[in-house]
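Paired with subunit B in one complex and with subunit C in the other, subunit A is shared by the two complexes that follow.
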Partner chain A sequence: MNYIFGMGIFFILMALGSGLHILNLLKTYKKVQKITEGDVQMGEVIKKISRNHGPNFTAFAITSWILLITAFVHFYFFAPVDLPKGVTYFRFISLMPSFLEISGFGIFMLVLFGIIAALFIRKHWLYSFYPVSNRMKRYIALTVPMLLVSIIISIVLGIWYSSTLDSEIEFWIEILRPVALALLLVSEGILIWPVIAGFKEGAT
Partner chain B sequence: MNLNKLISLTLAYALFISAICMVGSSQDDDYVTHSELRAVTEYLEGEIDVLETEINNITEGLSLDDIKHGLMEDYDFEEWVRTNIPEEYTNPTISLSVDNTEIYRGQMMEITTNVVNRNDIRSTLMLTLEIRIPGNEAYDLINAPPKWVSPNSYDNQDRSEVKWTNLKPFSDVMSMGELSMRVRVDDPYVTDPYYSNVVGLNLIDNDPRIISKELECVGSEDDSATHRQNTKFKLEVADDDGDDLEVTLCITENGTDLERNFTEYVPVRNGATSEVIFSNRDYGIFKEEDAGKNFTHIYMVSDGLKTVDTGELNGPTIKKPPQIWTGNYRRGLEDEDVNYFWWGKYNFSMKVENPDVTDLKVRLQVSKPGIKPRNDTDWRTLGEKSVEPEEDKMQNVYFVIDEPFNPEYCGTNFYYRFTYTAPDQHGNEFSNTTKGYLIDDRVIRSDVESWTAIFNILLIVLMSLLGGFVIERGSYR
Partner chain C sequence: MKVCVVGIGGCGGAVAECFLQNQDILGGYLPNKLHCAGGYYKSFGNIRGLWIEAAKTDAISQKFFGPLGNGCYPGYIIPKDAIIKDESLYGNIRQKYGFDVLGEGFFSKAEPLKAINEIFDIENELGQNPMMNYAWSSIQQYTTLSSNLSQGKDSSLCDSMLFVISLGGGTGTGFINPVTKKIREKAQFPVFVLGILTEGGKDQRHVSEDQRSLSATISMYDLITKRRGGEAISGLILVDNQILTERFQGDYHKIDNYIFEIMRPFLESREYPKKHLDPLHLDGNLWKDLKHPAILVPCHCADNNDDASHLVRCALENPLFNCNPAKADRAYIFARGFVNPEGLRDALHNEIKVSKDHIGVYPKPGDGINEILILLRNPYGGNIGAQNDSKSFERRIYDLISRASNYITSSKVDIILDSYPEITRNALENYFYGDSGLLKMLEVSRDRIAKGEKPGEEPFFSQELKIFEENEPIEVFVQTSGSEDEKIRSIVKQEVEKALRGTG
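Moving on to the complex of A and B:
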């Protein structure tokens, strides 16, 4: 079964979250401008409306976003199941030391997106602009194990990837791949939910 | 005997006979009545009787040989013709025409000559074709028999057509350009020969053609052979002009200017092809000292006017005489796993008989990932073994290689071969390229339940959890 459609859903959700977030910011900025009769900058608005959700939640949220990208890359680019071998990790696996042949790819991705996150995430970022309930925080924290499970499943499927599989392993692959994709997409939905809720709130 | 009188009488007799025939043949003519015709015929028959009597009187008592001898000795036919030229004789008009304005040397052609002769009394004309080849001043006779135009070959328009067909007159002409043709007329009633109009043709030469070429090294897949083998250089040639061709095989040792030339003359029929074979057996092309050398060769074909060649062609390579005998090439898995994983332990082996090579080395080579090797750069050497000389004994050479491949081989076939530092029974210093196995797609060698896999997964979990907190502490705050 080809899971390329999952890639489409992933990007659509990502684009939806980004678009709504920008819309929310613009809408808030316009409202503030109206109240203050235009005598305010966007930066000031961002500072004024942002709120602190606490360090633990922020750490979990950052971890979740890094894991989301890492899980996506593992699902599609670890083993050449849906995409040709030339664009997957298997093309470059010989560059890794043998004791890191499994985690080398994941570590590389975590470091890469960690650096990107460290460079771009500041005090005022995504969730600072939205009220996040405690329940939502628990859901967002829950995405960490969900995405870790998705990554582990992708790694296990990569380890099993072979032209000589026995039927038992093939059965498990049929079960586990949809699970990994579902965990990935559900986590993505949870992570962008505060943005969607904020948009709905603004609309009402 | 008055032979002149005899001849005159004979001719007169023949004339009368002809007249009777002509009168008889014109019976359908509307202008002659039957009674007139009968009267003329009776008159002529009477004259013939008189003539016959006179001829009998003259030749009485003479044998036929006497008469012939007398004719040859005393009678001058040409003189008789000259003295009997009609008074108002005008030269017949001879016009020459050809179909083309351009012609190549081997081309069959048709030449038509129209003769218009309005004289009442006509002679027999002898027509001869003449050409002036490019660069020559004078005309020469063409290689074609003359044509005769007899007095009775004209139609009622006083015209006669003479054709030379299937002429191939220019094969021997070796200079190209404007070629002139004319017809020479020898007319008994005219003292000197006279000529038709001159027709100009552009004469061109067809280059000889190389149809095919082949280097045949008997019993060898590539262009290599020992100096004793009957290596054959085959060339198929053609020439549209039908020229005889001079075919030269020029063999050069790579990296030197030393050439060996062999020439053969090949008759080529117009439109057909001919094969030339230079065989090592016939020409002794290669010697023992050529062993181990590479050669190139070139064929040159000339028709005497132009030379064409094939350009430099590779081969052959002359193999060294055998010093070792090899065979029984094998490969397999060393461990009991039935799958051909890239990290598996593989064994390769061969047998070699080495009577006297003291420093013989055997190397094992496998193909680079994903390609079928075509040249030496497509191989990776995995190991080398020395083989001591031992008379009359096949020795086993084993290579056991742990992880001979890498993940890039996954999903591809590999090929292997052995190379040696001495020529084998085929004159080669390597074995044939042999297909190995299809390497399994599986890239990661650790099992899911292995410590390596658990360690790697835990590493990712730990790093991802730590990552978020480190960024939150270091950057966010």
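Moving on to the complex of A and C:
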């Protein structure tokens, strides 16, 4: 499988989500201007129409986004992909071959993104702009274990790849690599789905 | 506008449960006890609320509400718990008036609770009604009238109230008037009542339609005969369960959810910039040109289409209480989504010819779909014999009153129980069958409806009636029945009180 193609899908989905979100904001802003017949600021519109989805969902959603980035980094930085070896950080892997050390690196990544999220994600963040059904909320929560599985697979693949490969491990690598990528991309699709649905149906 | 929802009685609780469902994930999987641990709870529009129930067994047997006294949210209260703490109080009322204030529910009778509340009004020695005090203190904590409110404004508190009751049950019909009275005498606080008129035939408890009609009639009567200011509510929103049971083939769960859906535009607390809905302004608008509370018929439509004319037409085709929308004297449109407010005003004006100045439009953000709730104010009156039209508002109310009158006439032994003491028997006799009693007043009401009188000054119910008038029990208390001196003293006392009230 061409994993560069997978990376392309990841970035295309991310760009699509970002683009549609900006379009949704502008479209909503124009519609609200019509309704209010007045000169309202974009910030005020976002603040006023934002909704609270509840703390459980918000915790899951933020965790999912952090895990999405972490899973991506683990998949393309640790796991063997179709990039030139220098780009895969293969050498870096070989410096810390133990499961514990690689997991430690994963935890470091989580904490890093957690701090970034805590600093930059405000009350009126992505999902507060969109209606999210309870079913969709459950799907988004489900991406947490999906992404954790993807990360664990990437770590295992990274360890195997840095050790001597026998044919049995090669077989499992061929099985597990697409699973890790599929979990990553499906999770990404679920996480940006409210933005796509918002574009289709109207954000607010 | 931020509305608190209070369900009263079995039906009120079931509907309030839909209103207060946790919108967050995992909340539903948590055992009920964890709701009592003070966890954050997210319901639609961030509304808060509770359930007032008379039957403890019903309250305990459900899983959604927990005892408010134990810190649970959403919580329920049993108002009679306040009386249990004072056994002598219960004994006094039971002995003197024959009413069992600790009874398990009121079984589709509105008059026992009405009577009990009036007893507290007249018996100064009993002090304030502890049941209503308990109910009010439980509700108050969620409102801007909260005594714990510090100087700063807390945006999570409600600035208006929606009570949900079944018009035909016992607890809802009995509690609604004293509870709303309690709130309105405290402050000018907008209070709406969503009254669900029970469907025809016998209900689940095998209570006859006539008996439930009497209960509904008494409750509506007391709500809309209150005069502007003071204790009167802001508006009575009427829903006819007959329409809903036909639409949903008697599936009560679907009906309750649908009632929640139609009320969403009203309950939504988010507002567009510069479109703040002040509940006091709405209250004032509802009272324009009226001396008695407005009756409001809801019409709802939800559609992806953002064409105002389409939404208005669709809503008017779906009234939740039969009526001719063109008879409404004012209308209020609560809209969610991206529908042009002026377009809605124009469309409704074109459809029902109500002056544009008499149409209030309140746009709010939605959830990816456009929906509107039109509240038609007093859509009745204006033509003779309208009660003969099966699809008219007049017909439903006329039938209700007729059934109530039938029950009063045919079931005297069930209304005035042999077990009641003389004082209660006399009071009920006078209230139901007296020269200016309920039976006579209902005749007058039917006559007004048949003549097509417009609600303007007076609605179809107009003269306030009490079971226990203030002077009667005083006579009984001092055992001077028939004493002219006492009568004169009582009249003088009333006149002095009136005069004092008049001078503020």
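Points worth noting:
What we mean here is this: the second predicted complex is superposed on the first by the 176 of 204 C-alpha atoms of A that agree within 3 Å, B and C clash if a C-alpha of one lies under 4 Å from a C-alpha of the other, contacts with A are read in each partner's own complex, and residues count from 1 in each chain.
We adopt the following convention: contacts are C-beta pairs under 8 Å (C-beta built on N, C-alpha and C of every residue); 3 or more make two chains touch, one makes a residue touch a chain.
Please read these numbers as outputs of a predicted model, since none were measured by experiment.
Using the contact criterion defined above for the overlaid structures, shared-chain residue A:V45 touches subunit C, although it does not reach subunit B.
Legend: residue contacts after superposition of the two complexes on their common chain; A:I153 is shown touching neither subunit B nor subunit C. In the superposed pair of complexes, A:L176 makes contact with neither subunit B nor subunit C. After overlaying the two complexes on the shared chain, residue contacts for A:K34 are found with subunit C alone; subunit B is out of touch. By the touch criterion stated above, A:P55 is placed in contact with subunit B and with subunit C alike.
Within the superposed three-chain model, A:V195 lies out of touch with both subunit B and subunit C [touch as defined at top].
Of the two partners, subunit B and subunit C, it is B that touches more residues of subunit A. When the two structures are aligned on the shared chain, A:L184 is found in touch with neither subunit B nor subunit C.
In the superposition on chain A, A:R138 makes contact with subunit C only, while subunit B stays out of contact range. Subunit A uses residues 55, 60 to touch subunit B in one structure and subunit C in the other.
Those residues of subunit A that touch subunit B in the complex are listed here as 55, 58-64, 66-67, 70, 79, 85, 90-91, 93-94, 98-103, 106-107, 110, 114, 117-119, 121-123, 125, 144, 148, 151-152, 155-156, 158-164. On the side of subunit B, the complex with subunit A involves touching residues 339, 406-408, 410-411, 438, 440-448, 452-453, 455-457, 459-461, 463-465, 467-477. Residues 31-32, 34-36, 38, 40, 44-45, 48-57, 60, 130-131, 134, 137-138, 141, 197-198, 201-204 of subunit A are the ones touching subunit C in the complex. Residues of subunit C touching subunit A in their complex: 22-27, 40, 42, 46, 270-275, 304, 337-338, 340-341, 363, 365-369.
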